[in-house]
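What follows are several structures.
The two complexes that follow have subunit A in common; it is paired with subunit B in the first and with subunit C in the second.
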Partner chain A sequence: MKAAAFAYARATSVGNALELLKAYGDRAKVLSGGQSLMPAMNLRLISPELIVDIGELAELRGIAVTGSVVRIGALTRHVDLLTSPEIAAHAPLLTEAISHVAHPAIRNRGTLGGSLAHADPASELPACMVALNATIIVRGQDGERRVAAGEFFKGIYETDLSARELLISVELPVAGKHSVHFFHEFARRHGDYAIAGLAAQAMVERDIFTDLRLVFFAVGDRPVLARAATKLVNITITPAVLAAACTALGEELDPQDDQQASAAMRRHLAKVLLARAASALLDRPDLNAGGRA
Partner chain B sequence: MTITSSNPEILSELDRPNSYIGKSVPRPNLERLMQGRGLYVSDMELPRMGHVVFLRSPHAHARIAGIDAAAARSMPGVIAVVTGKELAAVITPWVGVLSHLKGLKSAPQHALAIDRVCWQGEAVAAIVATSRAVAEDAAEIVRVDYEELEAVTDMRTALDPATPVIHPALGDNLAFERNLDAGEVDAAFAGSDAVVEADFIFGRHTGVTLEPRSVVADWNAAEARLTIYQGTQAPHMVQNIAALHLGLEESQVRVVCKDVGGSFGIKVHIYADEMATYALSKLLRRPIKFVADRVESFNTDIHARDHRCWGRIGVKRDGSITAFEIDDLTGIGPYSMYPRTSAIEANQVVNLVGGPYVTRNYRARARVVFQNKNVMCQYRAVGHPIACSVTEGLVDLAAAKIGMDPVEIRRRNLIADNAYPCASPSGLRFELLSHHAAINKLMTMMDYDALRSEQATLRSNGIYRGIGIASFIEVTNPSAAFYGVGGAKISSQDGVAIRLDAQGSVICQTSITEQGQGSESLTAQIVGSVLGVSMERVRVILGDTDNTPYGGGTWASRGAGIGGEAALQAAKILRRNILDVAAAILQSSPAELDIADNAIVNAADGASRMELRELARIVYFRPDTLPPGVQPELMATRHFVPREYPFAFTNGVQASWLEVDTDTGFVRLLKHWVVEDCGTLINPQLVDEQIRGGVVQGLGAALFEKCVYDERGQLTNANMADYLVPMSGEMPDIDVGHVVSPTSETELGAKGAGEAGTAGAAAAVANAVNDALRPFGAVITEIPLTPQIILTALGRI
Partner chain C sequence: MAISLEVNGERVDAQVLPRLNLADFLREQLQLTGTHVGCEHGVCGACTVRVNGEIVRSCLMLAVQTHGASVQTIEGLSDSGEVADLQAAFRDRNALQCGFCTPGMLMAAQDLLKQQAEPDREQIREHLSGNYCRCTGYQAIIDAVETTARARGRGTA
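On to the complex of A and B.
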């Protein structure tokens, strides 16, 4: 479990990092918090020729609120998201989700940019970005691109980023009036990647969803924005309505089998999450019938 | 916690005014470990040391057609690449059998595979380089040609005629079979009001140690002597076996074992890669270091508990159990492990099922089969979790069938506390157990009746909680009956040597070992108490075959009971010798004197007569002032081994309180209780820590841990992300209570406590899950109890 030999460069500026990435292409890897990259290298699952350490690029770090936008730099660590009053006020979904990401030692190093670029389909933060309608800002030799989070994740460990680009930051709309959120995941142990999880952001007016973004994770090759949510918007929710949404969700999802759970179990757990989310967001305990609704 | 000593006059040496016995004093090694001054083998560096990496088979079963290591050999930093054939010139193969396990067979195993690999992870070549990283680089370019062979993976079909025989010379894949038939089993079942049966399935799992297996072997050609630094539980066993297979005398092998980062039975065996490391040092004439990485630990550290056990129980309407019957099947990998063998766990299952109960009718069969998977062998509480889960699962099924409370059925069948000595149907002899006192204490600790009514109230609100109870017995303090009689050179006796130094401090050498469980502490507590010396003045030396008496080490919950007694007896002799000298100096008689607080005192009024420091000064530097004919002996040695009973059985009972989310299949552990009886408690805190740690490993088995193999014999979760060890976030509070029934085989009265927690934890959890699910009519007899299994049993998926 020792990484193969590699060259190491500590990038001095974003421009310098991009130059190195341009020269080496996919023979180079960006090092951010290292919590996913280093284990993969030590297991020799990957053996990059060059490591481009972006840790010193202060411009990639930090949380700023301007008007109706929260901007989070790629190097912002999980622990900083967890303790940020700005995030708690303007994107409380993230505050809640981040406590499910790994353990304190990992949260002290792992970064938002690393998590999004890594794109593990069981990861919490990519799903939150989709739920929050985030914009992901990417820079390459030819300048900056803005990608909607819903378009950014392409598959298991696959994103819209090319090997020659850097993820710079994300922008989130500030949570508005009537905005509520729900986050829950099923993991065998606290801090494990989820078997099934849900990040939800909604608008509720007079006990009715006027907007509902349900993003499931660990049930597909990327975060899944459920179309079934539309069945719950602008309608008075009865157990029958909820049951129809659960059925639609089951048909829409195409989860994988693995050691932790069969596809059938994941589908079942997603329905349980949907029912629990509706019940919690509307404060209607009668709706929580565990996906049997 | 109340402890009453049943024979205080015998315990006189320990009931001294400043006794440390029964006190939770901090361990003496704590500060050293907390300050990072532990002496772990993985930290060791020696001059000219080479690092070995083993190239391991990716196949479960394959012929080795060829190995091409030319490119690797020429890489900078590579010292050698050694194959099985080359290493066989230095080290002989072994066969893991014991003569008292009749019929047990196995095939010769080599330090490195020759011609054929029999499990995924078996080492085929050793790459030695100046660093681990360089050796790993070189390992990547060694080419091995494999011709894949059919892998035997399913234990249920291992004995079918159509299944290939892994070792053709053995004739079949059956390693061992034992049958037992006691009492009148058929008649008892025929006369029962109800008979219930079930298949119990146990996941293969392993002990995950914080420090992996580590060895530094240093062959000194000038002295013709091998020093082995190894994190092991049994240094003298390693010494014996290394010498035997390297063609050396034991005096040519020294084994040093200081701190060990966890063992749990994983480090009490002889592993092929460790043997290869010793041999490589001899072959290459330099120190060689092997530290297993996590992936190879999962693939090569012994696994345990892979059992499928059918069981049946007969019961009368009044709750009396009429008979037990079991048929156990276990797959142990391709070789019986050396030298303790892989038949012990199944043998223990046969021994222990039904053990807490009075019924005399018991029939059992156990079969142990070979497979192309990693080797299985003894891990903490060998066989006990299987036997306890089967027995206690059946008892709960019987209780449910006749509509009786699980506690009540146990009370009606547990052996009475005044029935001892007695024996089990399988022939186990019990000196003194306390099942009823233990269950009574448990009822109070958990407030059983209140918990039952809370359970009923919550159930009507759709919250499903369960209570599970598991009584158990536990093998501790083994005599030679375990291994010695079967021909293994594994000592069941231990020795302790104690001396007073020239300033009146005490140096104590013991053959038991420290794995973090507190051997050092309990030895110092006993010695300090008997001698009247404060613990800070007792220095304990362990883990060095050159510098300790000969003995067994750590296994089968034996250190305190056996090594502790040797320490007590040695300290008594030294105390007498000191008092003899003191009487001569003070012109008194030994009977009028005592030792307390590091000084000779008057026995009658406790008045101080002379510091031990002063006595030591006179003895060592002014012997000319002693009366003629007085020759002080300020060093004493004693050995001890139990002779009357083959094992000192302990007993106890555990309970689990948990909640099942019936929508998701997730189990939340709310509380766990243990009442156990390990006889004299030397250090209650250390005992409680042992119990809790053991319980957590049992809870791991119940809910999380499993080595998942596919049908081709590939271990698919050999990493810490996919193999789920229990973590603190999911663990409940664990309350521990004690009943104290000392063994009268020793003056100390201590029995073992290291494995009791593991013995019954999974059984309690499984019973609690079934109790929670009773309204749904679901019964689950498989562990780990994963959400997938629970949801399936509930018909939700």
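On to the complex of A and C.
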């Protein structure tokens, strides 16, 4: 299938892009890397009247570390994140997650901002943003807003971003001394959308979680920050404690049925991921004795 | 819209509609039909080309986005001899059956071999994971890429 006809504007500045978005509202779509927008247009899931191409806006590109904050421009591509020494040092969860995002040819075009604004519930980066406690910075005619990642994702392809705003950048706290991370997903083919996945960021001191953010994806309409994680914080983890957390997780999740997997299979896989994460983060192989369970 | 770009080393000036994707532009306006159109939504990899030296899906890029860019297609890589050894290895190992996926496979494989001198089979699989072969000849394709990598490593390529 081919995209329906549309008008095309190459934005010359953020201000110019915002003016176009103000004039066209939800009849316009922002083109960043195009790796989610173009398939949707080719499949005629959407037919925008105007495409605002922000690809030339160099000011939206790049990674900068200032003090305890990593700032990533919205146009930063997946491949740039994957190969960035700053990201590897200060947000290693992202480096690991990106290798699961699609394939090299897609990572060469796809951007962080595009992925977040698209908000596919099965995609990796929204979950990482919630796990890392990121702040998402958006700009509209009236200036900038800062939105916590946990508040940004509203549903399937739905975010807090209005049709007249542009996602500018994200800010992540630099990973601390006791910080550890875990990332894994189950997919039919490497690089495909996950059937169930987990992005986790934790603080571990003397073999105990002092903080644990478990964010599951592809098991709900948005990234799910698991409340079950609280059962594992500030307590010595035994197999019984872990089993109780897995049970709580199963009750808390409400995954969807689709052609890839049933809700029951997704719930099962999420529990497997939780056990693997706890085992890996604490370096306690005994906690994942079942291994394949 | 007027665009001006370089395709396989030659300057191209063209008029295109905004909705025209790069794959269709290459095939229909420039008659470079080595770039194949399979799924048209970025899943199959048959339309893989190079833009400014990096592989991309030409079905997920608009022709207007290539204004000022340098595009290389399988015709360019083939004519320059850059992938001659890889092509020979594909032929020797019967790594193509219907041939539909082959241009995309060669593009993705050459991209890997440029980045990594001697990838193992797992790395080859991962790099080619975005390219479908509906004849399912994956083992032979991986064999051919592995053979080429080794030959290049020995300096006999």
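One rule holds in what follows: the second predicted complex is superposed on the first by the 288 of 293 C-alpha atoms of A that agree within 3 Å, B and C clash if a C-alpha of one lies under 4 Å from a C-alpha of the other, contacts with A are read in each partner's own complex, and residues count from 1 in each chain.
The rule is short, and it goes like this: a residue touches a chain if its C-beta (ideal position, glycine included) is under 8 Å from a C-beta of that chain, and two chains touch if they have at least 3 such contacts.
Remember, it's a predicted structure, so these values are computed and weren't measured experimentally.
J.: Taking the superposition on A as described, I'd like to know which of subunit B and subunit C A:Ile51 touches: first, second, both or neither.
T.: A:Ile51 sits against subunit C, while subunit B stays out of touch.
J.: Between subunit B and subunit C, whom does A:Leu43 touch in the aligned arrangement: first, second, both, or neither?
T.: Touch status of A:Leu43: both partners.
J.: Just checking: does A:Ala91 make contact with subunit B only, subunit C only, both, or neither of them? Give me first, second, both or neither.
T.: neither
J.: Just to be sure I read the superposition right, which of the two partners does A:His190 touch: subunit B = first, subunit C = second, or both, or neither?
T.: both
J.: I'd like to know which partner A:Met1 touches here: subunit B for first, subunit C for second, both or neither.
T.: Both partners, subunit B and subunit C.
J.: Looking at A:Ala264, would you say it contacts subunit B, subunit C, both, or neither? Reply first, second, both or neither.
T.: first
J.: In the overlay, answer first, second, both or neither for which of subunit B and subunit C A:Asn108 touches.
T.: Only subunit C is touched by A:Asn108; subunit B is not.
J.: Which subunit A residues are contacted by subunit C in one complex and by subunit B in the other?
T.: 1-5, 43, 189-191
J.: Could you please specify the touching residues of subunit C with respect to subunit A in the complex?
T.: Listed in rising order, the residues of subunit C that touch subunit A are 1, 17-19, 21, 24, 40-42, 45, 48, 54-57, 59-62, 64-65, 108, 111-112, 125-127, 129-131.
J.: Using the touch definition from the top, list the residues of subunit A that touch subunit B in their complex.
T.: Residues 1-5, 43-44, 186, 188-193, 195, 259-262, 264-265, 268-269, 272, 290-292.
J.: Considering the complex alone, what residue numbers of subunit A touch subunit C?
T.: Going by the criterion above, the answer is residues 1-8, 10, 31, 34-35, 38-39, 42-43, 51, 53, 55, 79, 102-106, 108-109, 189-191.
J.: Under the stated contact criterion, what part of subunit B meets subunit A in this complex?
T.: Within the complex, subunit B touches subunit A at residues 132-133, 136-137, 140, 293-295, 662-666, 704, 708, 716-717, 719, 721-722, 724, 726-727, 729-730, 786-788, 791, 796-797.
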